[in-house]
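Below, chain A partners chain B and then partners chain C, in two separate complexes.
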Partner chain A sequence: MARGAAGVGKSTVVVLDNGAGFCKAGIGGEADPSLVMPNCMARPRSAKKWVFGDQISEVQDIQGISIRRAMDRGYLINPDTEKEIWDRIFKTHLKIRPSECSLLLVEPLFSIPAIQKSTDEIIFEEFGFQSLYVGNAPALTHNYHAECAPESFLAKSNCSLVVDAGFSFTHAAPVFDGFVVNHAAKRMNLGGKALTNYLKELVSYRAWNMMDETYIMEDVKEKLCFCSLDISTDLDIARRRGRSNYYQCDYILPDGIKYKRGFVKDPDAAAAYISKRQRLDSEVEEGVQEVISREAEAPREELRTIGKAGIPTKADQQVLTLTNERFLVPEMLFHPADLGMNEAGLAECIVRAVKACHPSLYPVLYSNVLLTGGSTLFHGFKERLETELRPLVPDEFQVSVQSVDNPLLAAWKGGSLLAASQEFQKAAVTKKEYEECGSMRCRRRFML
Partner chain B sequence: MKRKSAQLDSISNSASATPLSDFPQPSVAKTNSSSSGGVGGGPGSELSDSDVILPSVLHFKRSQLSDRYPKGHSRGRHWKHLKQIIQAENFHLYPPDEPNYISIEAPPSMYPAKKYCDITGFEAPYTDPRTKLRYANAEVFKRVRSMPDEFIQGYLALRNAAVIIK
Partner chain C sequence: MDDELGTPAARRSSTRAKKVGAKVSAVLTDPNVRAQAALARLDALESDHLAVETIDLDDDDEASLDDEEQGFREKKAAKGTKRKTRRAKAQAMERIGNSKKTPRTFLELLQEANLESLPPHLPSYVRAAVGPPSSGARRHFCTVCGYLAPYTCTLCGARFCSCRCKVVHNDTRCQKFIQ
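On to the complex of A and B.
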């Protein structure tokens, strides 16, 4: 019955990328995790019982749903809640017996010793895993990417700068020879959660009160936000009225009766900016200014026709209209200072991380910037980071930003590769060693 | 979820493509719901049918689990916030040349910040000297001046510029 029992000799390795947003779990050596679930407990307003993150999709009334997480700013602070979630993952989904398995856990860089200790406690003492290896996302992502493209410069130099923009924070970490260069890593306390909260607040001041609707706003953010490539032009476009303002779009909020889930009213129109942006680019290159002036005239014409052509909004639909919020929210990652957070932006962090390394690594790191994590999924993130980075980097270095294949799962896949290799058993700390030496001594071996 | 105000009052200024609803109320419930509620029901009963059977006394541990959480007592909130954990860690006692949680934090930005209108989100060339709100044009300024104080503070809080009197 249990999968762990089937393994002869070598025990099954469970790979767990315990992100604050999503928990990715599966068996080492497999190509994909068997489970990706929100790492939280949730309670609908009408119910008394907390359900697990993977059951949210079955919840009927999504409005005002409460979310409880075991993580605070990405660090595991509530082991009891996490234990309940892990219990469910291991028993219901993976169907393994922890006492017959090893665990590969992905932890944030420089987790706090007290937190590491309590994590070890649940792993060895409550679940009783045979052995544990703690990895970090940048190194695993780097290894995964190098494995995917063995001919690339990144794989040959075995050196890259991994930008991991996750749910709670964003790390810029140089990876050299498969390991993170510890003293050079930088962390921004900004991630998907902060962006969702910011969007939530903006919307609450400008249109609807969505302060209790984090779950819905997360969906809005994922579906509608994107990175602006030229903020002042985009703001000008967002000022226009009528249909020439192609950033404006509507999101239908769930009302609990007719719509159980929110959705984008016109997905094609919402994605129109992608083609417009490309067209605008090519025209500027050709030097055709004419079209732009024609486009500037368009608003007046549109204003007249909008009354007839515009899709009538039904009174029973709650419509959330977004315009400049769509790109001002991801803007926060690049320029937190503009929005009231006195922190260096992502590009600045990258430059600082690189400068903390040996000068001979500069050219290699700048030409191997690797993006991973859910917050890099905003459309235009890569291009935006390139344009931000270029002016900050000396001319003689080439800047090249690339995205990893699957930003959400890359760290897990890297972990799966490692779990299947010979190195894992050598590097992992066994339960016996833990009982003998305690948490801290074992940790040193992971170079964290 | 209720509409905050009579929406789309036609203040048709050229700057606001977003329909500015009237005066939005700063929300009261800002707290993250994740911290609410006690720890979910009956971990004790779950433990008994779990695959892990722990001896009640682990001799190598200084404080036993059973002492910390006696049976029948509600556990309450016995976890700490991250801030408390960081404080307890005493990072200032750590060797300065070793990287740790505090030292890898991103430094303040070296570049001047751009200014956006607090109300509409467009570029804001002006700042109201009285309320310190940034605004995009005269139309918005009119609204700024007619706003009650708590909304002004709410808008300022959005970019962490509110004056907090303790």
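On to the complex of A and C.
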């Protein structure tokens, strides 16, 4: 293992978490990535030129923006596009010279050799990095979380089950002693992108045609979707009319003239379900009904007047009203079968991943379920997963689900910690080694 | 498939139903076609290849404007032109050299990698898939309003929850599998 150290001094390490949704980049050792940008190229409808993901926020007309990604199903399939994006990251944002740096790249689990080879080619041949280390998100997330809470059971056992619900897929990966147990990791082919597209499909049938508005719908999903804890009750509530239906909320779509970006009409009303739901837990259903109707009187009255005043403006406001879509969309992660996918839900996915490990690890893994990835940011995700998981796990085991501090950036932060440590230079593959042995041999060292 | 137009469809009123109803329903009630449509829909959930789609989109807009007042025949024709334009656009793009190397999709690469041939104890992309659910129970949501849907459309197999939704379904989306 000490081979890699030869010839490489202490150099800057670039940490790049190249997710299919967002690309997180920064310098190793720092606390936060200096850049988080959508990992894509975009083109507004009016323009001929493609712009980079980080420029989307400056784009004037967001409607019908086309998005091109270098990734398909989470894996890098278009090295040319990715090269352009990385080029921009390194030159414009990080302002580094690749030939003077090492790279820590976060790659999805189970990449196939052809993709690994083309990735290595860009890194060493196009950019000419000094050395490369390829890590994976579950292990880095685990290490980061263990580092954050050194006294926790997770850190002491150094063993956890990381649920990484990303943009293209969801992995349940047992991590043991800082490494992913590859043969036990399980994958669901459902992630944030599919959920956005599903929401798009639902909305396009019911209200506005949003089939070409992926970017806007992503925003709607992030702002308004949440996980239902009891789907049948919630469906009943969503069916109600008027103010007792506290799931209903409006999103103002951008029209390109008055509103350049979409926004939630009344964020407080949109978040009302959180407090309502907590109260539902503690009180008897019927009593709550009264409370809701009584309490709603005062503030909702105001709302209605706003609504009335807003009627004249309605002509120029494009309002997208969501009710049951808000929780039916994340619901698919737990029951992909409802979509017609022949796949087990997330809870079952976790159980299968655990069962593929040695039985003596079962109790440790079940009590250290760690959530990461952007799709776990739905409100109530953790509670929902707990309620789904509990009946599937034998009752002598304790089930404990915890979220990492920052699910979007956890893998990057883990990478940053690793990049700053002594081990990095030892584990990394140098350019010279790559030139001598080629891609395949080098990869074996990362245990991928 | 080769049913004569007269017999079962004659009771229906619309010309569209008379002309194509029987044939279409024969195709649509075929479980294979339904399964294919379901697969295509799942595939669409993963797609974001807008480079091609945006070009189509403009054509679609025009087409939909055209056939707003006219009937089904025009729609069929519109479909034809759409196909043509897509092909033409693809050729045009090749000519321009916009897509120097069309990247292969991940599934193609996966097939090429031939992971099935690896010994079974090695973990791989294919073996990491979670597999089918243990219970086959599936909840059905109304394709129109999203609530639990007890009824199935006899023609296309889509779900709906009430008469109201059935009307909407019949008017707008029956037999137009999600495209």
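Methods note: the second predicted complex is superposed on the first by the 409 of 448 C-alpha atoms of A that agree within 3 Å, B and C clash if a C-alpha of one lies under 4 Å from a C-alpha of the other, contacts with A are read in each partner's own complex, and residues count from 1 in each chain.
By our rule, contacts are C-beta pairs under 8 Å (C-beta built on N, C-alpha and C of every residue); 3 or more make two chains touch, one makes a residue touch a chain.
In this text, all values refer to a predicted model and were calculated from it rather than measured experimentally.
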item	value
Chain C versus chain B on the shared chain A, clash or fit after superposition	clash
Contacts of A:D234 with chain B and chain C, given as first, second, both or neither	neither
Which of chain B and chain C A:I112 touches, first, second, both or neither	both
Chain B versus chain C as contact partner of A:A185, first or second or both or neither	both
Touching partner for A:R97 - first (chain B), second (chain C), both, neither	first
In the superposition, chain B vs chain C on chain A residues touched	B
Chain B versus chain C as contact partner of A:Q318, first or second or both or neither	first
First, second, both or neither for A:R45, with chain B first and chain C second	second
Chain B versus chain C as contact partner of A:A194, first or second or both or neither	second
Which of chain B and chain C A:D250 touches, first, second, both or neither	neither
Touching partner for A:D219 - first (chain B), second (chain C), both, neither	neither
Overlapping segment of chain C (options 8-16, 62-70, 80-88 or 134-142) - the one that collides with chain B in the superposed model	134-142
Overlap of the chain B and chain C footprints on chain A, listed as residue numbers	43, 64, 66-69, 72-73, 75, 77-81, 109-115, 182-183, 185-189, 201-202, 205-206, 212, 214, 232, 235, 238-239, 323-325, 328, 335-345, 348-349, 352
Of all residues in chain A, those that touch chain C in their complex	43, 45, 64, 66-69, 72-75, 77-81, 109-115, 168, 171-172, 182-183, 185-189, 193-194, 197-198, 201-202, 205-206, 212, 214, 232, 235, 238-239, 323-325, 328, 335-345, 348-349, 352
Residues on chain C engaged by chain A in the complex (per definition of touch)	38, 41-42, 44-51, 53-54, 57, 100-101, 103-107, 109-110, 112-113, 115, 121-125, 127-134, 136-141, 143-148, 172-173, 178
Residues of chain A touching chain B in the complex	40-41, 43, 50, 63-64, 66-69, 72-73, 75, 77-81, 83-84, 87, 91, 97-99, 109-115, 125-128, 182-183, 185-189, 201-202, 204-214, 231-232, 235, 238-241, 245, 248, 253, 318, 321, 323-325, 328, 335-345, 348-349, 352, 435
List of chain B residues in touch with chain A within their complex	1-4, 7, 14-21, 24-27, 29-30, 32-37, 39-40, 43, 46, 50-52, 54, 58, 60, 65, 75, 79-82, 85-86, 88-89, 98-101, 104-111, 113-116, 119-123, 154-155, 158-161
